[in-house]
Amino acid sequence: MFTVTVRDSMMVAHSFRGEVFGPAQRLHGATFVVDAGFRGAELDADGIVVDIGAATALLHAVLGELTYRNLDDDPALADGNTTTERLAQVVADRLVDRISAGHLGSGAGRLSGLEVTLHESHIAWASYERAL
Amino acid sequence: MFTVTVRDSMMVAHSFRGEVFGPAQRLHGATFVVDAGFRGAELDADGIVVDIGAATALLHAVLGELTYRNLDDDPALADGNTTTERLAQVVADRLVDRISAGHLGSGAGRLSGLEVTLHESHIAWASYERAL
Amino acid sequence: MFTVTVRDSMMVAHSFRGEVFGPAQRLHGATFVVDAGFRGAELDADGIVVDIGAATALLHAVLGELTYRNLDDDPALADGNTTTERLAQVVADRLVDRISAGHLGSGAGRLSGLEVTLHESHIAWASYERAL
Amino acid sequence: MFTVTVRDSMMVAHSFRGEVFGPAQRLHGATFVVDAGFRGAELDADGIVVDIGAATALLHAVLGELTYRNLDDDPALADGNTTTERLAQVVADRLVDRISAGHLGSGAGRLSGLEVTLHESHIAWASYERAL
Amino acid sequence: MFTVTVRDSMMVAHSFRGEVFGPAQRLHGATFVVDAGFRGAELDADGIVVDIGAATALLHAVLGELTYRNLDDDPALADGNTTTERLAQVVADRLVDRISAGHLGSGAGRLSGLEVTLHESHIAWASYERAL
Amino acid sequence: MFTVTVRDSMMVAHSFRGEVFGPAQRLHGATFVVDAGFRGAELDADGIVVDIGAATALLHAVLGELTYRNLDDDPALADGNTTTERLAQVVADRLVDRISAGHLGSGAGRLSGLEVTLHESHIAWASYERAL
């Protein structure tokens, strides 16, 4: 099994609802350094799992919808807290939507899964893995 | 599948028995930077796998029993070498013991596994994964 | 010359005024991983520049006034943008204020300077150095 | 499951054939920071998955055949592009060949798998996992 | 004194002349992760040393002249080995040339120095500092 | 000014005398990831500040006298605590001794200074700079 991973980041404001979050219930923010790993069992004729330039552009496009924003104002995210683990899922699902819509070209047919990791600090991060 | 990971560290002395260890048979020491990953298939109503503050406190408590000590003097570890891979297992098993004893609260029921990685230097580390 | 550095982090929301900031004029956020370096020309009788535990506590206290907040609402920061470089200066100056007020004990007399670095992402950071 | 990982690096020149590679069709180069993870379900009597010194030497020997070379001139690699993902597979397969030839000693019988990751920059890396 | 640093990378082939280089006399390659630090004693009215977006674009333009190439073929570099330390100087000097030509706008007048670091692997890097 | 830096590590046991150290008064240990930076104002005819292979070997030799040992038993270190900052000084001074004894060859005449950093964990490190 192969995995090709690219890194980018986003900088967002948000707040959490629920006593478990303590001071993070206040409006605050985060830089999320985001790693998106594209998995596949075989290489194509060019010797790649995915075009790394296309994968980088795809991740950048998905993060572009989130970065430099207050996520509390985003209707698409209003049904729950934008925790690190949920945002990892949001990013992964949106990558899959764009792949399904053809944004990685024909080669995307070889991909079998995605793993997205959001690093929220030097001591905490969260991942979400899913099939494709 | 989600994984939420927190990082802490411990600083210990120890020595190894067995020719395979060469100079590490002498009393020496290590900083272990420790990553504990909590896995679960679903998020709870707050949008989390685990309360990251509680997970951080749990890891800190487990490492607190080991750090700033000579592990050669610890009766609980006397039945074998405290190699990086064995200590990863020790930390994981002790995290599970505390989770089973209720230290993560009711939410721990959603957790399905743990992965603990101990970094012993910039060029070597070891992990242990187990179900929960 | 010796420098002892400790790392912590803060998670804040803010926005910037000025066309140069482009989309960062919107309310957004950042995790700042903060390194505070304490400089001195000599070691004391214990062999240290600064008590690393005290230095860690000092940095944590300074960051505690900023983290999990919207910096746009902080009157003490209202006279300018809370850019990474300015926040590095704010953190450094507040560390010096606390050192001057005796929070590092008598040993602080040996310190000659501070360097504070704020990492805003994996590809950008800013530092501020000052005498003490 | 245990995994013990060691890190080394290699510095190579190469070029790629195929329009998908854009400017990387030109002769260029890369430092690959290489992580080789050795997996096994159990520890031996010494408390190890693999002798970390032997694992380090094994990885160094495999990378020694590739580093400081133009991979375009290597007949063993002539049947395809030396992309990061393919090189991860090459390194993993060569590690397995040497393990099968006895280079890790009798203990290698406990190993069940290998994972090799090649970091090509601060924002891109590729892994290959295989059974052993 | 403030320093704002941005990171990018380049991937090049090259070879060295001179027995001191051993196997690096062969054509090989490197990824250089490049950190460019812009220094200044004061912040402007916006609270910045340099527009971080403009600094990032400037570094990317300078690296764009070097990346995905065999540096042995570059006439501008033909008068000596393209060692890591010399390339740090080349990048720094080219950044200064572009700053002098107005590529950072009027704000560049506040800059007093540059520091460029090229990381060639996880265990070696070189820096060059100069006034501006 | 140029700086060429190489990284290695050592794993030691030690204990500290003095109440300021709290639990670190007990026998414990540390991995120190060690960065040694060699400074010089000019490049030689080969385009280097220092032969990076020779610098790596020099650092490895100095660390070889310390690693895999209990520093409490080393008579050469008996006159004070082996804190991170003092060990940075010890490593720097020993590098200078060996350079003065000719271990870097004739090229060492160009070197003007050294900076040694010891990382004791992911959140603490200490440096010592000196002229040469």
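As written, the chains take the letters A, B, C, D, E and F, and residue 1 is the first residue of each chain.
One rule holds for everything that comes next: a residue touches a chain if its C-beta (ideal position, glycine included) is under 8 Å from a C-beta of that chain, and two chains touch if they have at least 3 such contacts.
These figures come from a predicted structure and were not determined experimentally.
Chemist: Going by the average position of its CA atoms, which chain sits the greatest distance from subunit A?
Modeler: F
Chemist: Count the residue numbers both subunit C and subunit F use at their shared interface, divide by all numbers used there, and answer same if that is over half, different if under half.
Modeler: Since fewer than half of the residue numbers are used by both chains, the interface counts as different.
Chemist: Based on the averaged CA atom positions, which chain is farthest from subunit D?
Modeler: C
Chemist: Centre to centre, by mean C-alpha position, how many angstrom separate subunit A and subunit C?
Modeler: Chain centroid spacing, subunit A to subunit C, equals 30 Å.
Chemist: So the centre of each chain is just the mean of its C-alpha atoms; given that, what is the distance between subunit B and subunit E in Å?
Modeler: Whole-Å distance between the two chain centres: 41.
Chemist: Out of subunit A, which residues touch more than one other chain, so two or more?
Modeler: Residues 7, 122-123 of subunit A touch two or more partner chains.
Chemist: For subunit C, which residues count as touching subunit E in their complex?
Modeler: Subunit C residues touching subunit E: 16-18, 20-22, 80-86, 88-89, 122-130.
Chemist: Can you name the residues of subunit C that touch subunit A in the complex?
Modeler: 7, 9, 11-14, 23-24, 26-33, 67-70, 120-123
Chemist: Provide the residue numbers of subunit C that touch subunit F in the complex, in ascending order.
Modeler: Result: residues 1-8, 37, 43, 46-49, 51-53, 56 of subunit C touch subunit F.
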